[in-house]
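What follows is subunit A paired twice: with subunit B in the first complex and subunit C in the second.
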Partner chain A sequence: MGWARKVLRVNLTKGTCAAEPLNMEWAAQYLGQRGLATKYLASEIDPKCDPLGPDNKIIWATGPLTGTMASTGGRYSVITKGPLTGAIACSNSGGYFGAELKMAGWDMVIFEGVSPKPVYLLIQDDTAELRDAAHLWGKTVWQTEELLKKGHQDPLMRVSSIGRAGENRVLFACVVNDLHRAAGRSGVGAVAGSKNLKAIAVRGTRGVTGIANPKEFMKVTAEKKKILADNAVTGQGLPTYGTQVLMNVINEVGALPTRNSRDVQFEGARKISAEAMREKRPTDGKANLVTNAACFGCTIACGRISKMDETHFTVANRPEYWGATGGLEYEAAWALGCANGVEDLEALTYANILCNEDGIDPISFGATVGAVMELYEMGVLTKEQIGIEAPFGSAKALAHLAEITVRGEGFGREVGQGSRRLCEKYGHPELSMTVKSQEFPAYDPRGIQGMGLTYATSNRGACHLRSYTVASEILGVPVKTDPLATEGKPELVKAFQDATSVFDSAGVCVFTTFAWTMADLAPQLQAACEGDWSLEKLEKMGERIWNLERQFNLAAGFTAKDDDLPRRLKTEPAKTGPAKGLVNGIDKMLPVYYRVRGWTPQGVPTAETLQRLGL
Partner chain B sequence: MKVTLKLYAALSDYLPDAARAGSALELDLPEGTRLTELVGRFNLPERLTHLVLVNGLYVAPAERAARMLGEGDVVAIWPPIAGG
Partner chain C sequence: MQKSLHIDAAKCTGCRQCEMACSFENYAMFNPSRSRIKVFDFEHAGRKVPYTCTQCDEAWCLHACPVEAIRIDRATGAKIVLENVCVGCKVCTIACPFGTINYVAESGKVQKCDLCGGDPACAAACPTGAITYIDANWTGLDRMRQWAEKTSVQPAA
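Take a look at the complex of A and B:
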């Protein structure tokens, strides 16, 4: 089997660590990582609990393919009740930490209670103990990793930690590993901070043992790697240009949310795109992009490594920011750039570095800054309140707001509450571009209709990674559909949601789906895991996981009213581009979606649906 | 007629040096020029002519040969790419 069959339960209140067997009955129903950890969480906490209170739990979970030879098999997720949304939170990260945890012999770590003082969890293979983190509290993610490696004299140790933002309970604080890979969304880092949990440091030397059919596994994973290598997108497009190549695409199709979604096209898009990152700067003759990078076991390597212009106003005389580090991905470049109208690539890179260094989600942060700038332009917020003039397009305001938000200073504390709370406080809730209090990512639902339904129904609040219909509507994977049409989108969204649930539960990266289908994943699971992992079983499992998350949210108090988009997207038509004159047709799509899902018109799974899925 | 050609990612190499910084080239084309004729004029390899948009709207491979360009059209082309 691909599982280690072992769970580490850490009671932070008592300071205890105990091993327990993985519930294999649940593993057969929910696979691992996202699905299985959600089953544990939903079974152990009251969905109505305070996300930042002692009754919430937080789980670090791997999948059965994490740490194996399967391509991209380095993923882990952090699952909890999210403080930004109050909904189920499941944030997925790459890098090397997940594989290390699995190689230490653990499928997941469940934290419960609250530690009376800051601690970190030290795992060395079978041994696990809580250690005092007084020397780490108040430190950035980067300082924490360095201090832990030096303190334990182990440069091979892997660290997953929070920065100051998580300590300060910024509601979109991340958990970061390997310096710039993050379980980024929904504020999982704030939950860790609320528990006085600074980090997990792990060293695993056991390898992943117990693959059900090793010979077959080696053969089938090699075959599937070849598919990724031969595919023009995963073999060439993503490694060369990264996700950032989408900047000009989404701008051309008129679906690039700009200036807090006032516009759907950004005149500065070219200047902050993948193409611009490769061009030599006039100031120093060097390009922003240094190279690409891969996570554990990944044969795609989409990651960006960048170096800043040392003369840029954000880092001049600050050599600590001159080194090569995680660069802009599309979502971050959009949120820090288009959402605010900022077209200064170096300023975006700087803000992104701060997000990595202290652990905040650049999507929610950038989108919240977009709302701040709109409120400033309306005269609702002033220079005195913000600490700087903050019109759309101000790179200085972006840099300033990033600095004070990660440090928890002044107005930064308000930004750290996210746009829904901030806009409500200042009397303009309609300006928050959120669903279930989580900020939109980089696709405007007026220009890509399916993404409106994706955001409205995402179980963790607005998110592109729950059903990436952009693949079909814009890129033609697996089949091309019309981005401006609503017909067929409920079925498309459901199919993407269910399939993504499986990939997120297996331990592999969702980017494999640009080349793989579920039929490529199934034989890898079949070779790794005991039992039946047929395509049919996996498809049903994806639907089961989606409905399990939905049930958690309903029990937490969410209703159909929360499956909605901000008024702006339903009443203010796109001003330019192919979607000119269009709003999002969520009201047409949602009833059909409920029906396709086997839910009542109120968005509740019927008894028949629950029975069919074994829920 | 005036037509704008935008070539992105690896296709930028097919633009004249002066046009690369903006990824775009303004062209004066004879009336009735078809999309495939424009692609042929720049020797764009078929395997790299993947995502083709005219004024932001997708043009399927089967429709490209028949597609006539008009005054002010903006043609944008990418090799196989993706993001997230």
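Take a look at the complex of A and C:
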């Protein structure tokens, strides 16, 4: 069995912690992590509840392969109703925390209610208790982790916490673990903050035991690691360049959203690319990138560890930012750079560090700054309102906005509401590059048509990690499709959505899917877990999980109207590149997608579909 | 030929596959806290360093043990703990200058790397070659080769 078979239920209102058995019937239907925790959440809360109110719950969940030798088996997710979107939120993180939680003997932790005062949850194997967090409140993620480890005299403890942004209910606040790994999107950190929950500190020494077929598991996981090692993307591209390997590629194909999606190519892309991170700086002769790094169990090791230029204006005389720490991943480099037209690599690195230090999502933050800069250039927002001149390309404005947003100061409080609310407030809702109020990431749907449908139909609001059709449309994995065509994309998006739901529920990283298909995952689950984990069962499970999330959103009040893209992407053609003259064909793709999904033209799963999936 | 574990920390990514392999080999579970090889994380320098017993020839742990619970495996040269003899006095943990023999509260005995009888699971699991098992006489060969290469480079005219 891959599961610990144990759930920790924490009632923050009463201050109680209780163990309960994992619902194994549900585990057989929803696997773990994303799928299983969504089943728990959907069964326990009213989808119409206030995401920041006492009736919402928030779940930290691992998968059956978390904490095992399956490559990348260190993932956990945070599942709740998201405050940025009002939809289901499920944010996935790596690092070491997830495996540690599993090693302590827990599959998931469910928090309910609201604590009357700031608390953190301390888990030491079987024992769990809420502790007073008065000394941690107001502290950053980095300070919190240090204080907890020192306070408990345990350097091996793992911490998942919120920074000041989560406390201040920034609507895109993250939960951060191991200093720079984050359950990043949809504002899960604000939900923790609304519950006065500062952190989970865990030490697990029980280990993961009871693998169903250990010999087979070791054999099959070794074979699958070899597939990752031999693959050009997972074996060479990602370890060498990280996800930033994409910056120049996506720019060349004309799908790099630039200056709040006015443009689809960025003239400064090369300066903030993976290649630039490896070049020696003229100032100090050192490269931005120090090394690559792995999360728990990961044989890919795409993580970036960077050191800043100590003379850069953002950190000069601030040695606390001179050490090695999490560097720019592609999404962050895009959001902090291209979306704002900023081409100062060190400024992006600094803003990214602040995102990690105090826990905000760089995608939503950077994209919101893009909207602010456009409103500034239009004269809608002024220097007096923002606190600084903020034209596109201003590294100073980016750094300033990052600082005031994480601290919740002045105009930073408005940035912290995300671009949809901010643009509406200033009378230009059409300038918000969001779907379901969540900022979209680093792929322009005019240049990669499938990503338009991906964003429009993502259950957690605009997101690339729900169906990464870039793999097919640009990289040719598993088969090459034309990025400028809409034909076949509804089927492609559905296939990616269903498969990703399974990978996210297993406890492994979605990046394995550059090399693995579900047929590679199935035998690893089969060896780890008792029961039938055939390919057919997993495919159906992926579809079931997707429909479960959809049902949650429909019950929360979303309709087909919300499966749409910002007007700009449908009416302002790409100005340059291979997609020049094109808009996104969402209106062509969406009706076909609904049909392929077995949904009504209104986007509601039919009775037949629900019955087929056992929902 | 005697072989040694050879650690090249520059290649370590911090994935902990070695720790899981070690605990699986010895305790049939995935449990880094029971691993005899540990990866240390020097966060601010951006360095990860695996560390374990180097199997000293004149082993302090072996000499310190009052009940002769630590013996030499003739085949591999590993110093191995005889669990049925160990009384858990922890004197060896004091004697070892490197901290690589450790007490385990669950068993009341000490544990240390035993080279898995000559086929170390950690080296087999390491995806980057940071941990290898090589001829003990040549653990510095890679580094020598790197420096040798430098000396052969002619200075630019």
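The rule is simple: the second predicted complex is superposed on the first by the 615 of 615 C-alpha atoms of A that agree within 3 Å, B and C clash if a C-alpha of one lies under 4 Å from a C-alpha of the other, contacts with A are read in each partner's own complex, and residues count from 1 in each chain.
To be clear about the criterion, a contact is a pair of C-beta atoms (placed from the backbone, for glycine too) under 8 Å apart; a residue touches a chain by one contact, two chains touch by 3 or more.
Just so we're clear, the structure is a prediction, and the values are computed from it rather than from any experiment.
Student: Touch check for A:Ala294: first (subunit B), second (subunit C), both, or neither?
Tutor: After superposition on chain A, A:Ala294 lies in contact with subunit C alone.
Student: Kindly classify A:Thr209 by the partners it touches after superposition: subunit B alone (first), subunit C alone (second), both, or neither?
Tutor: After superposing on A, A:Thr209 lies in contact with subunit C but is clear of subunit B.
Student: Mind working out whether A:Met69 is in touch with subunit B, subunit C, both or neither, as first, second, both or neither?
Tutor: It touches subunit C, and subunit B stays clear.
Student: Figure out whether A:Leu582 sits in contact with subunit B (first) or subunit C (second), or with both, or with neither.
Tutor: Touch partners of A:Leu582: none, neither subunit B nor subunit C.
Student: Please report the subunit A residues shared by its interface with subunit B and its interface with subunit C.
Tutor: Shared contact residues on subunit A: none.
Student: What residues of subunit A sit close enough to touch subunit C in their complex?
Tutor: Within the complex, subunit A contacts subunit C at residues 67-69, 96, 99, 103, 156, 179, 204-209, 211, 214, 218, 225, 229, 239, 290-299, 301, 303, 305, 307, 323-325.
Student: Which part of subunit C faces subunit A closely enough to touch in the complex?
Tutor: Listed in rising order, the residues are 13-17, 20-21, 23-24, 27-34, 43-48, 125, 127-128.
Student: In the complex, go through subunit B and note every residue touching subunit A.
Tutor: 6, 8-10, 12, 21-23, 47, 50-51, 53, 55-58, 60, 74, 76, 78-84
Student: Within their complex, state which residues of subunit A touch subunit B.
Tutor: 231-234, 236-238, 240-246, 248-249, 252-254, 270, 274-275, 279, 329-331, 464-465, 468, 470-471, 474-477, 480, 510-511, 514, 577-578
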